[in-house]
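Should a chain be cited, it is by its letter among A, B and C, assigned in written order, with residues numbered from 1 in that chain.
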Amino acid sequence: MITAGVDIGSVGTKALILEDGKILSTEIMPTGSRPKITAQMVLAKALAKVKLKPDDVRHVVSTGYGRRVVDFGEKTITEISACAQGVKFLGAPKGTVRTIIDLGGQDIKVITLDDEGNTKDFVMNDKCAAGTGRFLEVIAHALEIELAKLGELALQAKQTITINATCTVFAESEVISLLAQDVKKQDIIAGIVDSIAERIAAMSNKIGMRPTVAFTGGGAQNIGLVKSLEKKLDTEMYIPELPQFINALGSALVAQRLQSLR
Amino acid sequence: MHTITYIRRGVQILSLTFLFYGATLLHLKPTEIKWYAMQENSRQATELLYGNPTWTQPFQTFLPARSCRFAGTHGTFRGCLMFFFSDILTWRPPLGVVLPSLALVVVLMVMLARFWCGWICPLGFMSELLYEARKYLGLKRIRFSAPLRNLLKAVGWGLTFIILFSAWFISWSAVAWSIKKPLYLAVCQMCPSKLITPALTGFPIMINLTFPGASTTLLVSLFVVLVASTLLYFSGFILKRAWCKICPLGVILSFFNQGAFLSKEKDLIRCTKCAVCASACPMETSTVYEEKTKKYVNHSQCIHCYRCVDLCPEKKCLTVKFLGLPLFKS
Amino acid sequence: MKTDFEKRYQRAPLHRPAEKVSARVRAASEDLAARLHKQPDRLVSLPYYEELFTTEKRKKELQILNRKVVGTYCYFAPEELIYASGDVPIRLCSGHSDTITTAEELLPRDICPLVKSSFGFPILGDGWIDACDVIALPTSCDAKTKLGEYLADYLPVWMINLPKIKNYDGLKEYWLKEIKLFLHKLEELNGKKVKAPELKNALQLLKRRAELYRAMYELRLAHPLLLSHQDLLMVVQSSFYDDLPRWINQTELLYNEMKKASATGKYAAKGKRLMITGAPIIWPNFKILNIITELGSTVVADDMCAGHQRLWDYAEPDEWTLEGMLEAVAARYIFPSVCPCFTTSYDRIDKILHLAREAKVDGVIYHDLRLCQIFDMEKDLVVKVLKENQIPVITLHTDYGQEDVEQLRTRIEAFLEMIL
C-alpha cells in the first residue's frame, strides 16, 4: 500500500511517498505565498519521480503550519506528533531517542518522548523568529552567503565572538556592524550559530532533555550548528538521513495506520 | 445555615441548666456538701457547715468542666475537676476510694479533651453570652494580639502550676499553719466561678479576708488574684472568651487535645486559605487556617466549638471526626 | 471630587475620539456575540448577557442613574463597600486588542496588554469608563500601580494599597485599615455614613451571587456544555457591568434552565476536559477558548480572576457588626485570592490542583499573557507541580492580538494529541 505525507512548513513544503514502510521518494519546494498550490505541486512531483499517479496513493495525511489549507489530505496531524512518529519509525541507531530537537523555518521545537516513543512533553518558541531557520536565512542574506554553506564556514572560525540572538532584526544589524569592523565572516557565523545553539540548549534543558537526542528539520543540515549544539548539550546527537522529511515521514506513517483501522 | 452553632447553643443551655439547677429540677436526692477548712491540731478539715446540701452521685461527682461546687443546693455536682485534683493532692486519700471517680474523669478528659469547654462548661457558655450581649449592643470587639495571647497562655500555665503545687505543698507537715490555711483549695480562691456561680444559683458568696490563724497577706493576695481573674472574665464582654485563655482547667484539658477521640481534619487542597476560620475562632487560634501541610488541625487551645467548621465556605473542607467517624462537615 | 493624585506635574491628557477604532471595538464584541449565538443547543437565557457587551443600554442607564459609578480594576476593589454606599461598581479591565495602539501613544509598549487595552478607552472617550465618576485602582501589579497616575488625568483616582505578603497576623490589621480608608472615601463621596444594615445587605447580596455561581459550577461539572466556557465567562463578566439584583434574577433563570436542560443528558463534555489557568481571559479575547472548541474539546474549569475566582468567594463575618463585617470583607479579598501579585504561588497551586481534580481534567492550559511578569514567573512551579501530579500542562505565551491564532492552534492541537 502506498501512502503520502505532506508537510507544509512556513519555509519549505515537503512530500514523502511511502510503500509499506519503505520510502519511495521525497520532494521539497519553497512554500511561497500559495501553500495550497505548492502542496499539490510537491506531491505531484514526488509521485512523478517514481512514476506513480495520484490514484495509486491510498491515503494522504498533511502536517505542518499549513496542514489545514490542503484539500487532498484525509487527516491532519500537528508537526509535533508527526515528528515523534517519524523519529520513532527510524529506530534507534544511536540508542533509544528520548528527545527530539526540531529546527524548522519559524519554529524551534523540543519534544521529549517516553520509553514507547510517544510524545511526553514539548516546548516551542514564541511567535518570535529569533534562532529559527528563518533567522539563519536572514543572516546568510546579510553576509551574502548561501544558506547551505553556513555550517561549513562556522567550523572554520578562529575566534569566538558573542552575538545576541534574541531578536532577528537586531542580530542582523549587529552582523552588519561587525562586518563594518572587518570581523571575519567565519567568526561571525560561528557567533551566530553559537547563539542559536545556546537558545536551543536552554529550551532543551528546561524541558528536561534526556539522551539520545535526535536533531531534525532543516537546521540539522547545518554542520556548524550540530557541532556547537553537541558541545552545549554535552551529548552526541542522532541526525537522521533526511532531517527535513521527518515530519512528512511521520504523517505518511499515520496515513498507513488509517488503512489498518479500516 | 450555621447549624453547628445552633446545636451547640442548645447543648450549652441544657448543660448549664443541668449543672447548676439539676438537683432541684430533677428532684435528685440532695446530701450534704461540706465547706472545709484546715484544722490545726487534728490535721483534718473542719467542716464548716453552711447548711447547703447537694446531691452526691454514687461515684462521679466531678466533671472536666466548671461544674462548680458553688452551685450549692441546686447544683448537680460536687465540684469541678480542679477542685477534685487539688483535694486529692492535699489529702492523698487511699487510691481505692477515689479510683472510680478519678478513672471516669480521666476517661472523659481523654475522650473529649476541650470539647468540654466548647459545649458543656457553664462558665464558658456564660462568657459567650456576655459576648453576644456586646454584639447585640453593636459595640466593637477587641482581638487579642499574638503577644498578648502568648502572655495569657503563660499565665494560665503558671496559675495551673501554682494551684497544683500549693495543693500538694500544704500536705507537708513542716509547712506552717498560717500558710496552709489560706492556701487550702487555692484553686477555688482564685476562680471567677466562685463569684459568678453563686450569683446565679443563690448560694452565699464567701470571702473571708481574716480567717483565724491564717496569714492575712496570703488571703489578701489570693483575693487580689480572684478580683483580677473575675475582671478578666468580664472582659469577655469585648474580648471573646477572655478567661478561657488562662483557665487552669482548660490548660489541663489542652494536653489531651492532640490525641482525643475527637479530631478536626482539613482537606488541604480544598481549603482556599480564606482565613474565615481564623477570624471566627473564639480562642483566636489560627491553626486551622495556617496549617498547610498536615491534615490534622487540632490546636491545644481549641475548644471544639466547630465555629470554624460551621463558617468555612468550602464544602467538605473541614471534617470533625469521632474515632474516625465523621460527625460534622463544612 | 477628591483624588489621590494631587497635581504638581501633569502629562498632557490625550483625548482622541476615533470612530474607526470605536467601530472596530464594537465589531469585535458583535463578532464574538454572533459566534456564541451560533453554538448548538444553546440555552435561551444566554442572549440577555450578550446585550451587555453589544449594546449601550446599560451605559445609558448608568448615565441617567442617580448613583455614583465607581470604576474598578482587578479583583481587589471591595464591591461590598461600593454597594453598601449605594454606588455602582464597574470593572474596567478590558480584553479588546483594538484599543492597544491608541493607548501606546501614551503608555510604553512593553507593558501588559490588559492595562494598555483598558487605557485606550479614556483616550477614545468610549467604553464603560465614560460612565464612571471615580476610579478605584488596587496596586496589584506594577502596571496597575502606575496606571493610576495616567488615569488621574481623566478622572479622580483612588489607589488601594494592596499588600503583597499574605501574613495573617500582620496583614489583617494593615489591610483592614486600608479597607476602612476606602470606605471613608466612599462616605465622603456620597456625603453619608455607611451603616451596619446597609453593609449587611451588600454582603448578603454578594453572598447570594457567590452561592448562585457555586451552584452553577457544580451543575456544570457533570454537564460542562450546558454553558460553553465562553458563555460562562460571558455570564461572569457581564456581572462586572450589570445591575446586581437584576443580574442575580437573570442568572437564577439561567440556573433553572440549566437544571432542566441537564436532565436531557446531551450536555456532556466533548473531547478532552481541559482547565485554563493563568492570566485573565477577558471579553472579547476568547481566542484560546474558541480554538479549543474548534478542536472539539471542552474547557471545564478555570481559576481566573475574571472567571471562576471572581464569583467564588464571599465575605463570611463571624459577627454582623460593622467592624465584624469590615473584617470579613478585608479577609475575603486577600486570603483566598490566587492572584500572582502575592509573594507565593502555593495557594494558587493548591487551588489549581483542587479544581483539576474536582473537574477531572485531562490537561491544563496555562495562559501566559505576554509582558505579565507575575504569571510568567509563577509558571515554572505550577507546571512542575502539575506534572508531578500526572496532570499534563501546556503553556501558551500570547497576547491580545489575533496574528498567532494558527501557532496557538498547532500548540493546542499537539497538546490534545499528546494527552490522547
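Quick note on the criterion: a contact is a pair of C-beta atoms (placed from the backbone, for glycine too) under 8 Å apart; a residue touches a chain by one contact, two chains touch by 3 or more.
Every value quoted in this text rests on a predicted model; they were computed, and no experiment measured them.
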Determine the shape of the graph in which chains are vertices and touching pairs are edges (line, ring, star, complete, other). line
When the mean CA coordinate of each chain is compared with the mean CA coordinate of the whole protein, which chain is closest? C
Where are there more C-beta contacts: A-C or B-C? B-C
Could you please state the distance in Å, as a whole number, between where the Cα atoms of subunit A are centred and where those of subunit B are centred? 77
When the C-alpha atoms of subunit A and subunit C are each averaged to a single point, how far apart are the two points in Å? 41
Mean-CA-position distance for subunit C and subunit B (Å): 49
What residues of subunit A sit close enough to touch subunit C in their complex? 65, 77-81, 118-122, 124, 126-127
Using the touch definition up top, name the residues of subunit C that touch subunit B in the complex. 166, 168-169, 172, 196, 210, 312-314, 316-324, 327-328, 331-332, 335-336, 346-347, 350-351, 353-354, 357
Residues on subunit B engaged by subunit C in the complex (per definition of touch): 135, 138-141, 145-146, 268-276, 278-280, 286, 289-290, 292, 307, 311, 313
Contact footprint of subunit A on subunit C as seen in their complex: 370, 387, 392, 397-398, 403-404, 406-407, 410-411, 413-414, 417-418
